[in-house]
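Here it is, the structure in full.
As written, the chains take the letters A, B, C and D, and residue 1 is the first residue of each chain.
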Amino acid sequence: MKKKFNLFNWLFDGNPLFSMLLGMCTTLAITTTFENGFVMGLSVTVVLLFSSIIVSLISKYISDELRIPSYIIVIATFVTVLEVLLRKYSIPVYEALGVYLPLITVNCIIMGRVLSFASKNKVGASILDSLKCGIQYTFAIVLLASIREILGNNSLTIIDNLSGLLGFKLSFNIFPSSIFVPSNIFLTSAGAFITLGILLGILNSIRNRGDSK
Amino acid sequence: MKFKVDNGPHVKDSDNTSRIMNRLMIALIPIICFSVYKNVSIIYRMDISILEALKPLFMILIAIFTSVITEFLYSLFILKKNKKDLKEYMKHSYAIFPGLFLALVIPLNTPLLLVSLGAFIATLIGKMIFGGFGHNIFNPALTGALLVTTAYGSFISGTSNLFELDTIGSATPLANLANFNYVGTFEQIVGKFGSIFNYIFGTIPGTLGETNKFLILIAFIFLVATKVIKWRIPVFYISTVFVITYIVSLTNDIGIWYPLFHILSGGLLFGAVFMATDPVTSPITPMGQVLYGIGLGILTTILRFLTPYPEGVLTSILFMNMTVSLFDKIGLKIRNSFNKKLIYITIFILLVISTGFIINKNLNKDDSSVKILNVIKSEDSYVYEMSSKAWGVITANVTIKDGVVISVDIVNSSSETKWSHIVSNDYINKIINGQDNLDSLDAISGVTITSDGLKEMVKKVIEDYGDKYER
Amino acid sequence: MNLIPLFFMSILSENIILNKFLGICPFMGVSNKEKSAISMGISVTFVVLCSSILTFLINKYVLIPTDTVYLQTLMFILIISTFVQLVEIILKKYSKSLYNLLGIYLPLITTNCAVLGIVLINIRSNYTLPESIVYALGSSIGFTLVIYLFSLMRVRMDKSPIISSFKGYPIALIAAGIMALIFSRFVGV
Amino acid sequence: MYSKIKLDDNKEISLKKELIDKSDITYVYIPLFNCGVECKCLVKKGKKVKKDTIIGIREDIDFPILSPVSGTVMGIEKRLYLNNSLVDCIKIKSDFKNKSETYNEVEDINNYSKSKYIELLKRFSITGMGGSDFPTFLKYKNKVRTLIVNAVECEPYITSDYELIMHKASEIVDAIYAIKVINNIDECYIVIKRKNKELYNVLKEYIDFYGNIKIVKVKDYYPAGYEREIVKNILNVNYDKYPSEKNIVVNNISTIYSIYKALKYNTSISKRIVTLSGEMFRTPVNLLLRIGTDMSSVLKRLDGYVRKTKVKLVSGGPMMGYSLEDDNLVVTKNLNCILVIRDIEEYDENPCLKCGRCIEVCPMKLSPVSIKENLSNPDELKKLDVNKCMECGLCSYICPAKIDLRSYVRAAKKEVNHK
């Protein structure tokens, strides 16, 4: 029977964060609120998109051992552009991402994707691929961020730092505070490690159960 | 007639794991009974409901119940064991101990729900995920305790601790020591809790396990005689703490009671005899155990003196659990040659002495408990980032506008600070309103240290603002 | 912030890996044998120390005067990768033994978040030169300490019967979580 | 620092009864096997042989295998050797005449030359009777400065050496003195357990007669009777592989008695005392058995089994012995005991507690648990110097989780040696 277009499988099997565990440097740190996760995911996708376009164009002309430095320069320029834009338009987002915004250049996903895929294929294919990878990564990071925030301080801020840009604030509590008492351990670094560890474990067991059936 | 064939030796020692664990249980029973008796006898005088009095008992029962149930469910669903060998598995995996040890380590006033959550975490994350009995790296009970106290710390200190409120106004002896900047006269530090004997016989505040030192000593002798625990770890652990605190007492010419106080207070004795010697998470080689014990001693004293958290035992045991295979490697390397052993022993002894002096040096530095972390100038007012070492570290942003403090908001506080009291008495506004003569403002009973800390902070800001920006 | 507490803080409580999440890719990947962990640590210390000095000077005398502060990221990345290239060539020529010890990890460092992370934190929290050297040294020692401790535990975890879905990365993450908790208790040393 | 383990040796149960002589049997099976090496058979079916005629040879050191009885060779059959493996043995039908080929009484046993002595030891195929079955003449090849006679018998249940000394003390001491004179050895020691007072009194009488043979008493802990352990305790000397490197010879007391038979009567030993003991054996006793008897016939006649399902038959002591599939075991010179013990099933293995007892108890100061954990990487095993292990079995004995550590160490040895 035709393999059903299973959103679940498409999202997870090749997902840079969950299956290949790349790009953890930037993920764990700022996924304390839903919005941070979302913004980080978006910015990584954007950078990945543009850099894979450029790389797929110029990869033919660059000799082999100069590959890595030149690709880094391409990515770094895009990140700097992003940084300048963010600083200009919404200071709170820039503050929220802090040191981790420039660190996107060294993010293993982008470098990995660009080296393995974009440099070998045509522009069209690499755009599609970077979009797919970007969306997968954003989904993963948003999932992690929402779990940590719900458990952390029992709320889900969709728009807070961006309010300067978009004009409206949107955040709401999930559980009535009488039932569930949030603990800020999930916002600390230890909580991040443990939550991601357990999350990965559960996802693996779901996938194993899926295969074994 | 056919016979059974196997290649091991055909006669074996009568002792086995379950008998060892039973003897460990026997050693624990007197300590549990004493802690229940202590709580009941105190409450008897204050005629509070029996339910409240038997809290230690409930804590232990709930903790054991949760950890056994968790292990049962874990092996049933996740390890998918069928009925027959599930019973066998449960018999050999000693599910009681993570819960029991957790109940004995967690502060007395933790609500029961948290105790069961702690036992659940201790069994699940501390032990089962790492592969069940014999494969965990960290001591399960301590992992559970650490996770729960960090996650819901404010909750624990929020509820009133029956025991403390009654006899002695403030927290455990160690927290009290921290307030005197770790050095003080006999009166201040020990006298407050009665004589040294109170310490030995446990009529001082503290968690369930750590009260009666005499019973712990007896349990230690019994456990070593019946070969249940590794005797080298507690012996070297406690003697290192004694040596270091002795150095500190010598240099500040305090009496011999000071090292004794350090050994008899807090969770040191209980931790050294029961928690540090948990066979699975401690080194195997004899020399490894010796160095492990000395390392534990050094870490505990560093944590006790230099960090705001009064209790160093829990963190140092967990930290040393990470380095167990390193000490085993060393132990294996030097097991045959005596002079190699000598080299390692001297290195570690030098470490011990140098820690003594380092602690001593840091002590004398008059870091008054309140410090200005940094000052940020916003439009017309100044925001002082302050940290005050009251009961643990409190950091707060105090905004001051041309001489008048307009707001004090707490950034973060260590797990032991009791915020429910401060908020309930709306103490912060009281400070802000009466900020010109703060000394007259008295502290809230039961939370003396924290309220003093806040007052100090505001006073420091006003004074600093005065000489820096006033002119 | 005088130097000694900064040094200890950057090793223990504000540890690069456990508190600031930088350098997790090598942390997970490389730390299965003690030897590789230590040599990784040493090479990172070497590169971070020198590149933080270099970046401080360039930032002070080139970027700020010419008001092109936004070029920081680009500039630092270039410095780090050229520096790594330089070190690789020097090592290959002069000390062969050191090269085999550290060789394989040097290219890995360029894409390592920890190096750029430390350098950026130095600049962002505008440390003076001595402070940034102490911070760089401290955090790279912290990096090596954590990677070494973790490789000790990894050896033992690989042998124990963890259920299949938690084997490998998930259990490593949980153990790292507990480590982070323990390190965070060292605040104020 | 290792705590000395005292095993409850319940030796007294097999000393209650007097020695029973069961050596008159018709069929004898001589295994073509010596110290782990297969030997060649020299006789064909139907050939008539006398006692001490050479019926087999071990080619590499051309060490003879002798017939304990006179009779006719019936052919070659497979029988169970004491290490629980089937070995082909020469079957001889005894004619009870017991005529020896080389028997003659020698007056003064001291005036052999050294070469004649070594030639005698080889001709009468004297081997280590403590269990090693090692050809004794190889030990005396180079200069010998000290001779140690091992009468410790540290394995529980076994009392065959004890019984031998009680009966043949004077012959043994004569033999020791003769060996001392022939090889002009400086010192001779007889090592016994401090506990066995009677042995001391019995030997003392004869020792005083000769003067400079010393009796050394050793504490009663388990691997006290091991070659390496004795040499270390008495002479405080550590050798690498064999004591002969330090000109020391360690002989079991029964081997000394067989040397006496060779020197005095020029004949090989054809009978030996075997202890038959164990809780599951109704009447534990010491038996005088002819070399080569098939135990199944003897056991059936005694029929002392306490019938129970879970029973184990063990050749040698409980610590070092091998458990056997069947009771058709063949008595050889190095078999000193047969045990019938209960198989305790609560010895099933559970996870290692990392309690460190096996490290404290190992006489060679090894670390069995680290060897078990590092089985997969050989360079680590070399560092743990696995070859020093003498397989005394104490680590498996003491382990509370009942893990059979000795087999892991054996596997590690195989791994390291065959590389």
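Basically, a residue touches a chain if its C-beta (ideal position, glycine included) is under 8 Å from a C-beta of that chain, and two chains touch if they have at least 3 such contacts.
Note that this is a predicted model, so its numbers are computed, not measured.
**Q** Quick check: more C-beta contact pairs at B-C or at B-D?
**A** When the contacts at B-C and B-D are counted, B-D has more.
**Q** Using the mean of all protein Cα atoms as the middle point, what chain has its own Cα mean nearest that point?
**A** Looking at where each chain's C-alpha mean falls, the closest to the middle is B.
**Q** List the centre-to-centre spacing of chain B and chain C in whole Å, with centres computed as mean CA coordinates.
**A** Taking the average C-alpha coordinate of chain B and of chain C, the gap between them is 31 Å.
**Q** Using mean C-alpha positions as chain centres, tell me how far chain B is from chain D in Å, no decimals.
**A** 58
**Q** Rounded to a whole Å, what is the gap between the Cα centroids of chain A and chain D?
**A** About 73 Å separates the centre of chain A from that of chain D.
**Q** How many angstrom between the C-alpha centroids of chain D and chain C?
**A** 63
**Q** Going by the contact rule already set, what residues in chain A reach two or more other chains?
**A** 188, 190, 194, 201 - these are the residues of chain A that touch more than one other chain.
**Q** What are the residue numbers in chain C that touch two or more other chains?
**A** 159, 163, 166, 171, 174, 178, 181, 184
**Q** Considering chain B alone, which of its residues make contact with at least two other chains?
**A** Where chain B meets two or more other chains at a single residue, that happens at 125, 129, 132, 135, 147, 150.
**Q** Any idea which chain B residues touch chain A in the complex?
**A** So the residues of chain B touching chain A come out as 125, 129, 147, 150-152, 155.
**Q** Mind listing the chain A positions that touch chain C in their complex?
**A** Against chain C, the touching part of chain A is residues 21-22, 24-26, 28-29, 68-69, 72-73, 76-77, 79-80, 83-84, 87, 98-99, 102-103, 105-108, 111, 188-194, 196-198, 200-202, 204-205, 207-208.
**Q** Going by the contact rule set out above, which residues of chain D touch chain B in the complex?
**A** My answer: residues 1, 7, 84, 156, 305, 310-314, 318-327, 339, 341, 343-344, 346-347, 350-357, 359-360, 365, 367, 369-370, 383-384, 393, 396-402, 404, 406-407.
**Q** Residues of chain C touching chain A in their complex?
**A** Touch residues, chain C against chain A: 18-25, 28, 70-74, 77-78, 81, 107, 110-113, 116-117, 120-121, 124, 163-166, 169-174, 176-178, 180-181, 184.
**Q** Which residues of chain B touch chain C in their complex?
**A** Per the stated touch rule, the residues are 78-79, 125, 129-132, 135, 137-138, 143, 146-147, 150, 302-303, 306-309, 315, 318-319, 322-326, 393.
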